[in-house]
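Chain IDs A, B, C and D follow the sequence of writing; residue 1 opens each chain.
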């Protein structure tokens, strides 16, 4: 039974311009590349993006000019380089930028997930991150408060409640019960904070299989609006247990992302120039190449 | 290698009178009976106990007169009956009592686990639970506050940080990496809130086994001070995946717990009258009886 | 076999649940009502247990919330923080079922103590009850219909309905509050204006005077009195053959 | 083979770690230093990764924190909330290792931007850096020794050391703050009174004048100058044969 299984094209059609999107990737791991490519193909505009540590997915969206506002804790492509498109956009001031830390973004998602409109934290204090938030786009998101019991001073942060969250997982059933293999960074909190949740799964299993190990269900089906079944949906990023990152393609990406014109060439060739994710995969990594990236069962990469 | 493996006797010797102990059981499931019995044998006094939903473990300690203060969200022995010893102590006013709800206790443990000195909640509002806290023992634990961003009114609660937490788990290694099978109620939050953490495990596995499925580690070793290996350590309560509750012994317990004198008879016979948990098991549930309670692998009970 | 009051109650409870909803249930009739709805008009219902369970398939008639039999073959095992924090407190739980020692005319619930005959006796307290009553969009109470269990005012306000008859918003309560009280004699609802309990329907063969005499607070006689629909033959078959074959929940004296 | 500066740095980092401690590490030299300590005097060290990893056994020289190779065979895979919330924010992380674009005389760290030559350039930002600097009991920075990377004041205070030279408590910061700056030329520490960076030891063959000339803030010449201990033969063997056989971290230009 197909349940909530939808194509990425169908799902992205339901994302309005200007929406606040939370992305589940971290640097070059479980990046929601299939979704980001389709957001670019469908020419979505003025998006607000939030993420703990931005990576390939967010850098691409910024490079495509789809983003008006960024709310992130940091950004990196690991050793392959910095997030050039994001950094360039900051330097040119072409988008509204909120700089946080990994834990403060996680706490803000946690507050959203728990239905708390605010949460205190002991990070950010006495830093220029806080100064910039207080004097900039984040001014209405932070406030100095004291513990009503101990008097200890905290930074109160407003809950982060994305309109829609996209998380890339290894295993799901057609109803949306999800398993995440390996570390989960802030995926559970961001997924449960969002008003709408869509998961991209490498593999679809039966609900009976899910019922065999319910402890492993990180996201239960009733929270999930749609399930996109897309093997290699994070390529060229890695998905633990499924496939490794493609170092050659990441180098190619970074070469292009250094330069505003060249990133457009990349996007035209690999994204706008391909009809869908399958066509993109055939172009960027034909079957033989994908097979070589497949994870070995014990190593997981 | 023995790592952090200790006997319940050794561990309980390190618990000072007057300590705040968090217990991991829920009604008649994963109750930390082996620890509670030893606390009674070693005549610990003036304990503060906190727990989400009190059950057999807490009722026993209260019945033995070891508890000076109770902080719980509720209490029950499921269909076997109410927590007679706890209710009787309340009626006679023989202990200081803080009545909360399951979620408010969980949020207070969460705050403790996250190193937040307080946390807001939208439960308790407009209830006599809150009135009693404000006018009684809980007065310094609750305070009305408003969200600094939305102005929404919350009850701020002080974090709950137990001196020592005892949690009964199915599987651990000798270093303290723990798996909990089945629902976990507030075990993770209370365990990570406490200043000291001791786990009682039904089965000890190698650390290599733990490294095969790290997603299943709910409590990592570096949080754990000691591991008590005690099969049937929760008897007559149930431990999902290991054994069922013993309905006959629970009925026997409830019959005794109804009456102040009779509960003393029970404690004298089954706890003070036995040298340790093995002697107690031999008396209360000889091998054949324990075998009959063993869980069937698929059903888990 | 004659239709039992418990079967009428289960069917009435099931009728209140819409397909696709998220429901916090407890052991006994709430769970039976939820699974009856799921087996009939609401297959995509998601039952949750406060201890950290979603979409379970109870087996061998569990004795309580902590019984391994109740969370058998669930699709998710988590904890309080997920079910009550990230669902209930997040505001996405549609219906919460609760039992009660007492429910008063404003739907306030007491599960903490009784003072009958001047003697103070304590019971289980809130557990998740106050959280469900505070936060669920809609609360349904299932209980025995008895005057002393339906007083003008509860002896202890454990879980809020409409305290003082006030609108929930004025009290800073998020959830929608009490929606139905389903008893062995009738279904009660709440007047939108006065927020007091009103008769919705009488179970077949039960008179208004019987209900009024067994209700501790004044109950207004409606101009026309509805009768609670009986369970259909198919509902009875599911209740008796699939959900509770040993008649553990449906056979008990409430 | 000659002892490399990176090997001296790794050994110096390892020396700062006591057995039984909990340590938040990153990719590269911090991870190498941590595993050197674990393989020698501190077998019960627990390395944590912010993404949700405890006690991993990295394999095949990972390229970063999100590389599956770095969290291989961990004893626990969780998330930010566990590692950074329930460990770091809970106050039980003993040491946090950080890298930096710039570190100033008060140990304040910049990982956000550079303004060299008047040109504003942005970098990775905080990620877990501000959280570690704010909350760990002790912070150790490992970096290349260059005047422009060790300025009087950072171009952007991403992660607090002793801002304004003030005591951390006066600033409401919980963690202990910067403890060591380990570079390819020397080990720096912080004066308890002035909270400014001081020379702790020079690596063998490095002169004070060399270090002073390559430090952007004034560095006081101690009366007697200690020399950083070289890695032992056993430490070198472990570094070269077990931890980084391909010389990926130890071979790189910092």
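Quick note on the criterion: a residue touches a chain if its C-beta (ideal position, glycine included) is under 8 Å from a C-beta of that chain, and two chains touch if they have at least 3 such contacts.
All values derive from a computational prediction rather than experimental measurement.
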Centre-of-Cα separation between chain D and chain A, whole angstrom: 28
Chain A and chain C: spacing of chain centres that average the CA atoms, whole Å: 40
Contacts with 2+ other chains: residues of chain A: 115-116, 122, 152, 182, 215
Residue list for chain C, restricted to those that touch at least two other chains: 53, 71, 77-78, 81, 85, 89, 135, 174
Chain contact topology (line, ring, star, complete or other): other
Touching pairs among all chains present in the structure: A-B, A-C, A-D, B-C, B-D
Touching residues on chain C, where the partner in the complex is chain A: 22, 46, 53-55, 57, 71, 73-78, 81-82, 85-86, 89-92, 135, 174
Touching residues on chain D, where the partner in the complex is chain A: 27, 49-53, 59, 63-69, 71-72, 77-81, 84-85, 88-89, 111-112, 120-131, 134-135, 156-160, 163, 171-174
Chain A partner contacts - residues on chain B that touch it in the complex: 115-120, 122, 140-141, 143, 145, 147-150, 152, 154, 156, 158, 180-182, 215-216
Chain B - residues contacting chain C, complex: 26-29, 52-53, 55, 72-76, 78-80, 82-83, 86-87, 90-91, 99-104, 106-107, 110, 121-129, 152-153, 182-189, 238, 240, 244-245, 247, 295, 299-301
Complex contacts: residues of chain A adjacent to chain C: 113-116, 173, 175, 177, 192, 207, 210-211, 214-215, 217, 220-223
